[in-house]
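Both of the next two complexes hold chain A, though its partner changes from chain B to chain C.
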Partner chain A sequence: MQNSGIRVLFEGSNFERLLGGLLVTIEIAFISIIIGVVLGTIMGLLRTLNSRPLKAILRLYLEAFRIIPILVWLYVVHFGFSPLLGIDIDGEVTAILVFSLWGAAEIGDIVRGGLESLPRHQLESGKALGLGTRQLYRYILIPQAVRRMLPGAINLATRMVKTTSLVVLIGVIEVVKIGQQIIELGVIKAPTASFWVYGFIFILYFLVCYPLSRLSKRAERRWQN
Partner chain B sequence: MTHPEEILLEIEGLEKSFGDRKVLEGINLQVGKGEVIVILGPSGCGKSTFLRCLNGLEPVQAGRIHYRSQDLAKPDVDFREVRQHIGMVFQNYELFPHMTVIENILLGPLKVQKRSRDEAQRQAEQLLERVGLLDRKDAYPRQLSGGQKQRIAIVRALCMNPEIMLFDEVTASLDPEMVREVLEVILGLAKQGMTMLIVTHEMGFARSVGDRIVFMDQGKICEISSPEQFFTSPSTERAQHFLDIFQYDKL
Partner chain C sequence: MRKGLKLLTTIVLTSLLVVGLAACGNGNEDKNSGSTGSSKFASIEQLKKNGKIRIGVFADKPPFGYVDSEGKNQGFDVYIAKRFAKDLLGDESKAEFVLVDAASRVAYLESNKVDIIMANFTVTDERKEKVDFADPYMKLSFGIVSPDSAPITAIDQLKEKGKKLIVAKGTTAESYFTKEYPDVELLKFDQYTEIFAALKDGRGAAIANDNTELIAWAKSNPGFTVSIPEFGGQDTIAPAVAKGNKELLNWINNELGTLGKEKFIHEAYNETLKEVYGEGFTDQLVVEGGKVE
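== the complex of A and B ==
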């Protein structure tokens, strides 16, 4: 029985399909992270400026993503805005949109934290050496800020990869959805198919996220001061 | 060295306020070439602020600071240039944690002074040798003790070939057993004839390193005298009081 269950994985193009699904997952997470980093850096910089209304708005924006579940965001954009605006927003586009905005909120917070925690003495020590403003940024502020932010950013990437499993619910065919399809077809012949398929997906997620989590741990240890 | 031939730095009527609060109220001081001036005074009297004004870390409200035919109290001074000649090490003066010791030291010579790497590196290694830390040149600051860090910080400032060095309580945050190794480096500089202004709470050190003692209180200089005279019979009551408290603290 067990044998036939594991065979489902390799029947037809099932194996490739699952990997293809994983690619969709990674693609959504990857594109969103890139957009999130760009937007988030801008937001983080804005949040270090001394503008109260700006600070309040961006803070609210962050809280909106922290408080409201990502699933609700996906539904609101996909099932809410699409008909409202009279355009059909594709599931994957919706996913990238929501994940990018979420990424921007979180990265913004990481950037703000990285910049604000820079000790004043570092800057003064640089100034006392005769460094100019641009040199201070280039050699002291930015390298240190990046080191401080990297663990948080990698951590966010891991969370995003995991959270992409929700996009099934707005009709995106990614790795979990393909797994379900394979199980539906194979379960009659092999009742243990679901164990093997989900087990395989389990391992796939692990293979993607574990290196990321190791990387962030290493960065943290290496650069902690 | 009470009457030095060449005046390097001349401060006249220096005033500094933070908001409404006057912190320096008319400081006058002449510093001769090769002279070591030790500034003493109770906490909050303006010692740090005074040193910070000298290399432009604090803007001043009035007075003059003559240095190299410039007035450093004017707003349009190019302090990037000045800071290459007036080096400063302070209590919270920090090494850059993301750079190795040698990278820390070479940053200024290479990026600010645009010197050649070979030549700067040679000088850096000589200086490191002198403070006994050449073997740590590839270490990161987190791998060093407080005393080692402070010695590296001094080397970093010296590698710019400054004409004057300002030291503000460089041993204040160190464990007692590390204070000595740092003070010895500064004593060595004094022997070589480096012009220095030193703020310290180490009275024994003040006495042995200083050519003159400047005693400040409440933003003013109360007394300038030789170390011998200051520590045996200070001419002002406030200085006497300050020394009494110090002796009491030591018990």
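== the complex of A and C ==
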């Protein structure tokens, strides 16, 4: 019985299909994280400026992504916006779009938090040295803030990797969905398959997320001084 | 105080945004149901020019629509869908299968992301308001399974004292018996696995449920037979197209008529469903030529 369950993993091209699904997961998560970090950094910087309307808009943007579930965003963009605009956007593109915007919102807040948490004397000392605003950010604030942002950012990245399992709702077939297909196919012949398939998916997610947290640990240690 | 005000502003603005989004969604829906023009959907001419037709099928509901271990779409619905593609575009490989979820089937049609849905789509009045159903190719009704040692061949047998009928909570079978046969004693469970276990333990005389479920179960459980394969209301399963897509709808109906002459749906049953349901249930499940007898 146990054997038949694990055998399902290697039947036909199941193994390759699961890895293929993982690739889709990685693609969506990582492209979105990169775009999110770039946009989010800009947003975070803008939010530390003293412009009230700008602050309000960006705050609203952040809250929109915090309050409305990602599932709803995916649904609205995929089935709502794309026909409204008369263009047929591929499910994967929709997913990357929504995840990038979500990443940008959250990273923006992390960047803002990182910058604002810096002791005020850092900024004042910089000014006293005669640094301009740009230099102040480039040499004093950002390097210090990045270290403080790292745990939050890595946390977000692993969360994004895991949230990709929602994209199946808009027709993108990623690793969890392929796992479900395999399980359902063998539901009579191999009833223990679900244990092995989900166990395997667990390992796959671990292999993606663990290096991220190792990386952040190392970076934090290196930037300690 | 200022903080509270800010929070309030945020909440108000965010909810405005949400309402705005919802309004977008609604506006879109109205437009869909209102338009009958052909500009919105690909005409058959266009489908031929593109050389593909997008058909929404299930990926994880064997034996109706699933993906095999080679990653290929298979199943009863898929078998028929492939034939549609072959007869419309000349080659079954021109069917582009979009893997849909039960909950998003209507949305796929409304947003024009598929041309046809063939994902075991049961015809209901509620759905008819949003999509157009073609003629059916399959039907479902209730069935009763009972042990071979004490078969229940008529519902009246269940009215005897001490005989309990097992049903799953929240199913249509439960509401049917509550309404039509209030004097039949029901034994209710939450899960499908529980109702089958209860019958095996002898806690009830029979199970009433959708006949497809019962036929498949009885086949893999010797000693139990579907003693009443068909009774009560009947549901049909049909291909669906976007609201107002008359051209494709008419084509499908004609196609089903033609296929009925060669008993193609029976062939699809033999190729895909026989393994699960066994022989002898084609009359209860298959609809040939789009006409329910």
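Simple rule for what comes next: the second predicted complex is superposed on the first by the 192 of 225 C-alpha atoms of A that agree within 3 Å, B and C clash if a C-alpha of one lies under 4 Å from a C-alpha of the other, contacts with A are read in each partner's own complex, and residues count from 1 in each chain.
Convention: a residue touches a chain if its C-beta (ideal position, glycine included) is under 8 Å from a C-beta of that chain, and two chains touch if they have at least 3 such contacts.
Predicted model, so just to flag it, every value in this text is computed and none were measured.
After the superposition on A, what does A:R17 contact: first (chain B), second (chain C), both or neither?
The second partner, chain C, only.
With both complexes overlaid on chain A, does A:E116 touch chain B (first), chain C (second), both or neither?
It touches nothing on chain B or chain C.
Between chain B (first) and chain C (second), which, if any, makes contact with A:A128: first, second, both or neither?
The answer is first: A:A128 touches chain B but not chain C.
Looking at chain A, does chain C or chain B touch more of its residues?
Of chain B and chain C, C contacts more residues of chain A.
So in the superposed three-chain picture, is A:G171 touching just chain B, just chain C, both, or none of them (first/second/both/neither)?
The answer is second: A:G171 touches chain C but not chain B.
Which residues of chain A touch chain B in their complex?
Touch list, chain A to chain B: 119, 121-122, 124-132, 135, 139-140, 143-144, 147, 223, 225.
Quick check on the complex: what are the chain B residues that touch chain A?
It comes out as residues 55, 57, 79-81, 83-84, 87-90, 92-98, 107-108, 111-113, 141-142, 153, 156-157, 160.
In their complex, what parts of chain C are in touch with chain A?
So the residues of chain C touching chain A come out as 9-10, 13-14, 17-18, 21, 24-25, 27-28, 59-62, 66-71, 98-101, 103-104, 107-108, 110-113, 220.
Please give the residue numbers of chain A that touch chain C in the complex, ascending.
11-14, 17, 56, 59-60, 63-64, 67-68, 75-76, 78-84, 88, 168-171, 173, 177-178, 180-185, 187-188
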